[in-house]
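Shared chain: chain A. Partners: chain B in the first complex, chain C in the second.
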Partner chain A sequence: MERPEITNKLTAIFRKVFCNDSLVLSNDLSAHDVEQWDSLSHMLLITEIENEFVIKFKLKDLNKMRNVGDMIDIISLKTDC
Partner chain B sequence: MEGITIRNATIHDVPFLVDTIIEAEKSGTETLSYTTIFGLSEIEARKYIANMLLEEIDGCELSISSFKIAVKDDQIAAASAAWIEGLEGIPSNVLKGNLLNYSLPKECIERAFSVNHLLSELHINNISETMQLGLVYVSSGFRGLNLVGLLMEEQIVQLHKIKPNINAIYVQVFANNLSAINSYKKNNFEVILVKESYVKEISQYLPSNKKILMKKELFIK
Partner chain C sequence: MVFTSFNFLIFFPLLVVIYYITPVRFRWLTLLVASYFFYLNIKPVFALFVLGVTISTYIFTRLIDQTNVESRKKSFMLLNIFLILLPLFFFKYFSHINAGIFSLLESIHIRWPLPALKLIFPIGISFYTFVAIGYTIDVYNEEIKSEKNIGILALFLSFFPLILSGPIERAKNMLPQFYSLKIIDYSIIVEGLKLMLWGYFMKLVVADRVGLYVDTILNNVSQHNGTTLLFASFLYPIQVYADLGGYSLIAIGTAKILGINVMQNFKRPFFATSMSEFWHRWHISLISWLTDYVYTPLSFALRKYGIWGIVTALMITFLISGVWHGAALTFIAWGFLQGLFLSIEALTNKKRAKFEKKHNLGKNGLYIFIEIFFTFILFAASQIFGRAGNITDALTIYKKIFTTAGSKLFIADVGILVFALLGIFILLLNDFMCEYFPHVKLLRNKNKYIRFFSLLLLLMYIISFGVFDSGQFIYFKY
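Up next is the complex of A and B:
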């Protein structure tokens, strides 16, 4: 899947999980930048991503994701398989 | 102090670490967020917490490597978790969220969706590259010995070896937990932030609707 398509889908997921319709994603966006990004929100975010892209992350993949850019890289790899 | 030793936790301590996490989460009440949010029984919650600890992911409150154990007269008396926030570039709440996502059944996660917006009101972001004191628990027969102070002192010494220039340690505590707050005050923590939710339902899920952030300045030698 191409990065713009992944970004569009991720934007919808982020807006739903963080209840924020004006949230704009960038590659650098991380948990430091979103006030409500706590452990529970993160768990839900990952679950929504897995459901939307029909993938399952390995724990070691999850723990490599420092920001949205890393997330897109890993989703791109998984959806190209 | 005589007869008390402080050591690193190992996988053999997992049952006591699970007790620590459960009791610290309850914060002196009977409200356990793992049961109220995820719909688990306490027995199930214990099983999943043990599994998450055994993944041995470093850098959060569910990391065996974050814990130190106080032993008195050959008995485990207390434990505390502390870590350097975001040492490897990933915040502790993200690491914990990854473990929850990876370990909990899907139906538990779905259940959490409906309460997420309520609970995030009390979230306080940890500051990167500061020391964070997480979960602390002293067994009932060993209270009054300042084991919290001894554990914390050792945590600070060890974490300073990893990152010597850190000058503060933070702890988050529910406002109802007066004994913990007083214990931290005795150990020179000060309240720097109070976060309160006025949504009534929050008391169904968490021990208190008010969370306190406390800070202790560290003097670098």
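Up next is the complex of A and C:
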């Protein structure tokens, strides 16, 4: 799946999970930048992403996700498999 | 030898001199020798446990790295975790399990004398065991390569500023630093000294002085009324903050003087506006460890259950946190309450966010104050269990608070209480300024005269009002 498509879908998911319609994603966006993005909401985010892209993350994938850019890279790899 | 002992005040300056005249490539060895010397001075036999944990962790992490078979990697990881937890379980929980088995046998009229061992708890074992477990899991998850030099690993696990009560550090942060112990400049040494000085203020002036009053009350629950118990219950969380927070700052400052950066462990916790935020500010190293190695894998495994998976993971994580403190029912109750508070917050998060947005409460000073106060009340309420000697005492405190409030406050020594409250005021004022007016500085002011006189005043205050004979740090018993 191409990055722009992933980014669009991810944007919709982030806005839904964090109840923020004005949220704009960038590659270096991380939990430090988004209010309410903590370890509790992170897992809700992961579940929504798995459902939307029909993929399954491994625990090791989560450890590699430092920002949205890393997230897109991992999703891209999994949707291309 | 502990941070507040006279021996440490001789040991540390001597070590700094030896450290800086040691050639750079051997400095890690100086620190290793110093760390074991420091720990041996507590009790020589304790060093056997940290040595055992080091050897086991070294062997199994090297094996994890050298095999390509996933199932074997997992087995090595689990085996090491099991082996290094054994001493911790034995020392922390043996006597409770023993007593439990004994009661159970007695209840069915079997009198079978079980061996009762008088065990001396190795100080720091809860902390370095968690450090070793975290390192093992990081190697298994390929976040870090296993350390080839057993001496460097031994230093990581026994590093004397951290070994007794943390912060619980990570290999990714510490191991590279041990390989680059370069010459540092005067300003970093001064910064380290400032951290230590504030840490000594927190411990000697606030924690130990507040403790003189709080211990009198909470060690004699039956003798005191609801008002006094309520007052002591409000003071106790501040005592713990000053004690462990003070210890952490001394540890961080000590490490800084040696050129090593250690993570922050407290971040003005009593200005948190929710329990979730509180746990990002209180004992940060323990909670981030539990988040990374317990909560995240659990909540990930339970993610198909949505918010209820998160709630389950929270409850289990904080029950483990409670049990980490001790096997008594009071700690389990404490852990249960933390999990409960956070679960309620997780379940009501969206509704609260909508409510705050609708009424524009985000920057409302009164609303923020109410949130801060309510969060403190919740934590203080849970700490009644954390402090009480047993469940009966904890429930007695609650009962008296609700039935005999409004009665006369017990003061005992007015001087102790006045100086305790003054110390608390200075501590919380400092935190308030750092939280809301971070540009206003005294110890780090641009003007050298303000810096100098602030430091001098602080030092004189510690010497004048510090309690120098009160004994151990609270977290030595965990």
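To be clear about the criterion, the second predicted complex is superposed on the first by the 81 of 81 C-alpha atoms of A that agree within 3 Å, B and C clash if a C-alpha of one lies under 4 Å from a C-alpha of the other, contacts with A are read in each partner's own complex, and residues count from 1 in each chain.
By our rule, contacts are C-beta pairs under 8 Å (C-beta built on N, C-alpha and C of every residue); 3 or more make two chains touch, one makes a residue touch a chain.
The shown structure was predicted, so the numbers you read here are calculated from the model rather than taken from an experiment.
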item: First (chain B), second (chain C), both or neither touched by A:Arg66; value: first
item: Partner chain in contact with A:Leu23 - chain B first, chain C second, else both or neither; value: neither
item: Partner chain in contact with A:Ile55 - chain B first, chain C second, else both or neither; value: neither
item: Residues of chain A touched, compared between chain B and chain C (which is higher); value: B
item: Touched partner set for A:Ile46, first chain B, second chain C, both or neither; value: both
item: First (chain B), second (chain C), both or neither touched by A:Ala31; value: first
item: Residues on chain A lying within both footprints (that of chain B and that of chain C); value: 19, 36, 38-41, 43-44, 46-47, 57, 59, 62-63
item: Complex contacts: residues of chain A adjacent to chain B; value: 17, 19, 30-32, 35-47, 57, 59, 62-63, 65-66
item: Chain B residues touching chain A - in the complex, by the definition given at the top; value: 37, 55, 57, 89-91, 93-102, 104, 106, 109-110, 112-113, 116-117, 119-120, 123, 125, 128
item: Parts of chain A lying in touch with chain C, wherever the complex brings them together; value: 19, 36, 38-41, 43-44, 46-47, 50, 57, 59-60, 62-63
item: Chain A-touching residues of chain C, taken from the complex the two chains share; value: 141-143, 276, 280, 291, 295-297, 299-300, 303-304, 306-307, 309-310, 313-314, 342, 346, 349-350, 353-354
